[in-house]
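One structure is given below, represented as structure tokens, and several questions about it will come after.
In this document, chain identifiers A, B and C correspond to the written order of the chains, with residue numbering beginning at 1 in each.
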Amino acid sequence: MIESIALQSVGELADGISNVWILTVSFLIFFMHAGFAMLEAGQVRAKNVANQLTKNLLTWSVGVVVFFLVGVGVSNAAAGAGFETPFMAEADAGTAEVYINWLYGAVFAMTAATIVSGAVAGRARLRAYVTYTIALAAVIYPVVIAMTWTPEIGLVQEITGTGFTDFAGGMIVHAMGGLAGLTAAWILGPRMGRYNDDGSANVIPGHSMTFAVLGTLMLAFGWYGFNVGTAGVFTSSGAFNGAVLGRVAVTTTLAMAMGAVGAGLVAWAKTGKVDTLYVANGLLAGLVGITAIPHIATWWGALAVGLLAGAQLPLVFSFVENTLKIDDVCAVFPVHGSAGILGALAAPFVHHNLQVGILDAFIAQVVGVSVIAAWTVTATAVVWYVLKMLGQARVTPEHEQEGLDLSEHGVDTYPEFGDEDGVVADGGF
Amino acid sequence: MIESIALQSVGELADGISNVWILTVSFLIFFMHAGFAMLEAGQVRAKNVANQLTKNLLTWSVGVVVFFLVGVGVSNAAAGAGFETPFMAEADAGTAEVYINWLYGAVFAMTAATIVSGAVAGRARLRAYVTYTIALAAVIYPVVIAMTWTPEIGLVQEITGTGFTDFAGGMIVHAMGGLAGLTAAWILGPRMGRYNDDGSANVIPGHSMTFAVLGTLMLAFGWYGFNVGTAGVFTSSGAFNGAVLGRVAVTTTLAMAMGAVGAGLVAWAKTGKVDTLYVANGLLAGLVGITAIPHIATWWGALAVGLLAGAQLPLVFSFVENTLKIDDVCAVFPVHGSAGILGALAAPFVHHNLQVGILDAFIAQVVGVSVIAAWTVTATAVVWYVLKMLGQARVTPEHEQEGLDLSEHGVDTYPEFGDEDGVVADGGF
Amino acid sequence: MIESIALQSVGELADGISNVWILTVSFLIFFMHAGFAMLEAGQVRAKNVANQLTKNLLTWSVGVVVFFLVGVGVSNAAAGAGFETPFMAEADAGTAEVYINWLYGAVFAMTAATIVSGAVAGRARLRAYVTYTIALAAVIYPVVIAMTWTPEIGLVQEITGTGFTDFAGGMIVHAMGGLAGLTAAWILGPRMGRYNDDGSANVIPGHSMTFAVLGTLMLAFGWYGFNVGTAGVFTSSGAFNGAVLGRVAVTTTLAMAMGAVGAGLVAWAKTGKVDTLYVANGLLAGLVGITAIPHIATWWGALAVGLLAGAQLPLVFSFVENTLKIDDVCAVFPVHGSAGILGALAAPFVHHNLQVGILDAFIAQVVGVSVIAAWTVTATAVVWYVLKMLGQARVTPEHEQEGLDLSEHGVDTYPEFGDEDGVVADGGF
């Protein structure tokens, strides 16, 4: 009798620890929305700040409800398990884990969604953006999950026979969002005045470096939840999962640091100055780079992947800006897209203990990256192309010029600063 | 021998898990002060920002000491248990839980206190505000606790025979703060220029939408601690409390999301624009709405309560502004007051498994809301009325016009922006 | 068999709880970097904001890699244990705890490092600052650890026979950083225009009180991790460590609160106004003051230490400004230095249960403070003096006048505000 009480309690205790950890990291990952909001708001013009903030608020608010009602069911159906959603499970006793795991999945899904808003800033209509968010939360992201992070055998493993390695979503969440953003920005076209008639680019600086860096550091804080939180507290056999937790904590830290260093060094080499925004975005690119592989990377692999993810940022940004001529306002492709792809492809080469052949592992990564990229780009292009054909994708030139804050939201973000006169109803400024 | 060690350890482990969870969520709830500071600072004029920030800093600093030395004792005394405070228990061995639970109670108390500062912004004297904060932390809030969240039988249950349902303080903390704010703003009178001679209202926009939205998202992050953290890790019988934790996590998320959607839709219907500040405050109203009932609401109940809490915001704000003619600067009544009342009253109708009669349950909620409202409004009105009679409630018209930052704090929040010339001692801007 | 499973699981569970707590608080402490970035950015001129933000980003990014590769090994070697680093332990099975503990140590180390950037703001060259950060992370801070927080017998205990009491780094982390900052600022000299020819000081106000207060509250949030997180979940005998966790939570809260009150009261007594920045920095000084002793202080001791730590802030700041004539831009010495020393020296006098003689305990504290101060000031002075002799310490007067953002980073933090014209490529503001 005594032993059975003890054993029962041990099981309850383990459930308690594991789920409290999942909840805590889910809160941290939710906080990344605040980080994205600040990072993106800081990188847009003062006349478009409220628009960017509204998009971030609605990405979460609309997206999470759609993901609850539809997205999870589509993901399960696409994986061949039938349309099952968390609310359909409410009646039975298993609600606890279904509900906690739903929130955990939802904060990852919404991270993918919110990345897109940074690419289409300054000219996408609010209704077009919200429409795309619904499509992403209901179908586009759920299908990616069905191909990879599914209890069923995913598409990648079906094709190659080897599982696709993406621990916390370097490809599945971040590069998916970065590719979607790039595609949407490409179809929308650049902001007015972004390119001259001869094809040369003008820089349109964001309105506040301080908010951008604040957002960067808030994101890094939440990212510890994103990566370390993907490691469970216990292994499947019930032992403490410290080897994985410790490795993820260290590789995440080192890659983040080297991302900032890598981007800063390349910027310094190119211009003789250490551009603040490259350092900040490089830190994020380092985090994106390691996110697929923090559980398997060696410490030197984390340093190398972080450095490369940071160093590629100024180069890929320039390629997107000057060669592709796509106006990716907040550099979401270099930060989330190419850095995420780089990290996923690096998996076999920095693995501390690879159990399959390096070529097999690499092929699985190439296939996984390719399948996710093809689906994301195609589905995103279709949605935005249809919106464009309907004349709903983009605000009018007049509205773009006066700013989306006024035309879409009827507000002035900073009524007392800048060129406009503040309201003086309270006796003057 | 072996079994007794195991059993002892299991008890210690359970204590460890439960208390680490309480501490973690207490930190998250403390962080809501940073959220309130930003939300409120963003919604006031640039000339009053430092005043608002100082009030937020002092709400916490003065309030928490008063609550430690006096408030807890008053609460215990009012509930009939004698004047017992945490520091009086310090000598004995039970310090641990008393102290950890004190912090947990204190962060809820200070949330109620800080809400008031948003309503009286721009004209309340600092000493009047601090005096009221002391009264709230020492007496007003502790008496509310004694009526409801007390180990003794609370007043509401004494009257109706049915317990008052308020899981995490939708009524006890938020609506209490919202009602106190509305009352204080009513007695103080509106800011200069807020109303014209014909009674029509002027809009006085806040100085930074970005800070307001930042504060909103910081609050939402902390709110997960507020709501989910109110659920213990284990049930009273020692089992994992996952059914409640999971339900609270999901209903909190859904109501928050629908609050933003509801406020945005009503604003859109009224003006054709999706007002950013309504979306942000709607998200908060959705959170307030669910806070009394996240542990019992069905998923569709959470969606409905969130939607209604958001939708009522623009309507109640307009009623307060145009009919009551109260200058509730940061909309604390529509966000915290009416939304909190709505959620508390909705309890019987969205309950997943109501064990008492729906009418009995509803009467208990009506009585609880009424008693808390009557006490809060009366006590708050008395304090502010006395301050007003003493000529201490409000700054002079000259000080209000030049801004409270200068008159009360001797500082300029943004010396390099706006109309004023910056100090140029370091060689010019 | 049943019992052995139970016992094994209990050990794994305890490891799980303890390490999840360490990880969670490590994330909170990491978030303090965001707090420092905002606090310091708010206190510098608009023309130097991006420089300050870049320094904060690089302190973490460069410092943490150096601490990983070199610092830990130097600390172990200086304590007489040989040059051992976490990555050298990677091969063996013990990686988990080594890696988790490394992150935990690293976030403390980087806190000390980042404090310095606030003192040297507005004139230190980026390369000089980064060079010093490398020296701090590789040698200066590791040697302090070797003298105190080492598993070997530290230098202080060797000298006095009594251990040095510094629970979470009030002296070891904060005062060390504050002293290093003061020393660096002294050697660098003041900003242009900070002092007139007659030696009188000019105030150069920061560009945004809002960011400064935001940073303050973010720091306070992270500080709960810093202090409470230093208490393990379990005692060495496996019991729940609630008495310590509870005491630390309460004393940290009370000292923080009284720090804000103390600084506000002194400012009010001196000028008749409640200076917002003193209240905010006083709150931080209260936290610094308690950080060495939260586990042993009585509740009244915490109130007293917090009050004194806050009250000394305006006085010490004035002494540094007007007597020492050192331009400590963000007041890092009064906030982190003198407040940390005060708290460490107060240990014997507010102890709830002192086991050694009060004089012995006080001598150990005086020796510990003196040794750390002497080493930190000397090592810091040498590094900055060499940099100064090489002409690398400080930007040119022209660059200082136009601002470091432009000269060091090629960016404009707020291109649409202030005197400069914004870029209008997108059709005007």
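In this section, a contact is a pair of C-beta atoms (placed from the backbone, for glycine too) under 8 Å apart; a residue touches a chain by one contact, two chains touch by 3 or more.
Bear in mind that the values here come from a model prediction, so they are computed numbers and not experimental data.
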Interface composition of copies subunit A and subunit C: same or different, split at half: different
Rotation angle superposing subunit B onto its copy subunit C by C-alpha atoms, nearest 5 degrees: 120
Approximate Å spacing (C-alpha centroids) for the pair subunit A, subunit C: 32
Multi-partner residues of subunit A (at least 2 other chains): 3, 6, 10, 13, 17, 20, 24, 208, 214, 417
Complex interface listing, subunit C residues touching subunit B: 3, 6-7, 10, 13-14, 17, 20-21, 24, 28, 45-47, 122, 191-194, 202-205, 207-210, 213-214, 216-218, 220-221, 224-225, 228, 233-234, 238-243, 245-247, 249-250, 253-254, 256-261, 264, 271, 273-277, 279-280, 283, 298-300, 303, 352, 400-401, 414, 417-419
Of all residues in subunit C, those that touch subunit A in their complex: 2-3, 5-6, 9-10, 12-13, 15-17, 19-20, 23-24, 26-27, 30-31, 33-34, 37-38, 41, 49-51, 53-54, 56-58, 60-62, 64-65, 68, 86-87, 90, 93, 95-100, 102-103, 106, 126, 208, 211, 214, 405, 408-417, 422-429
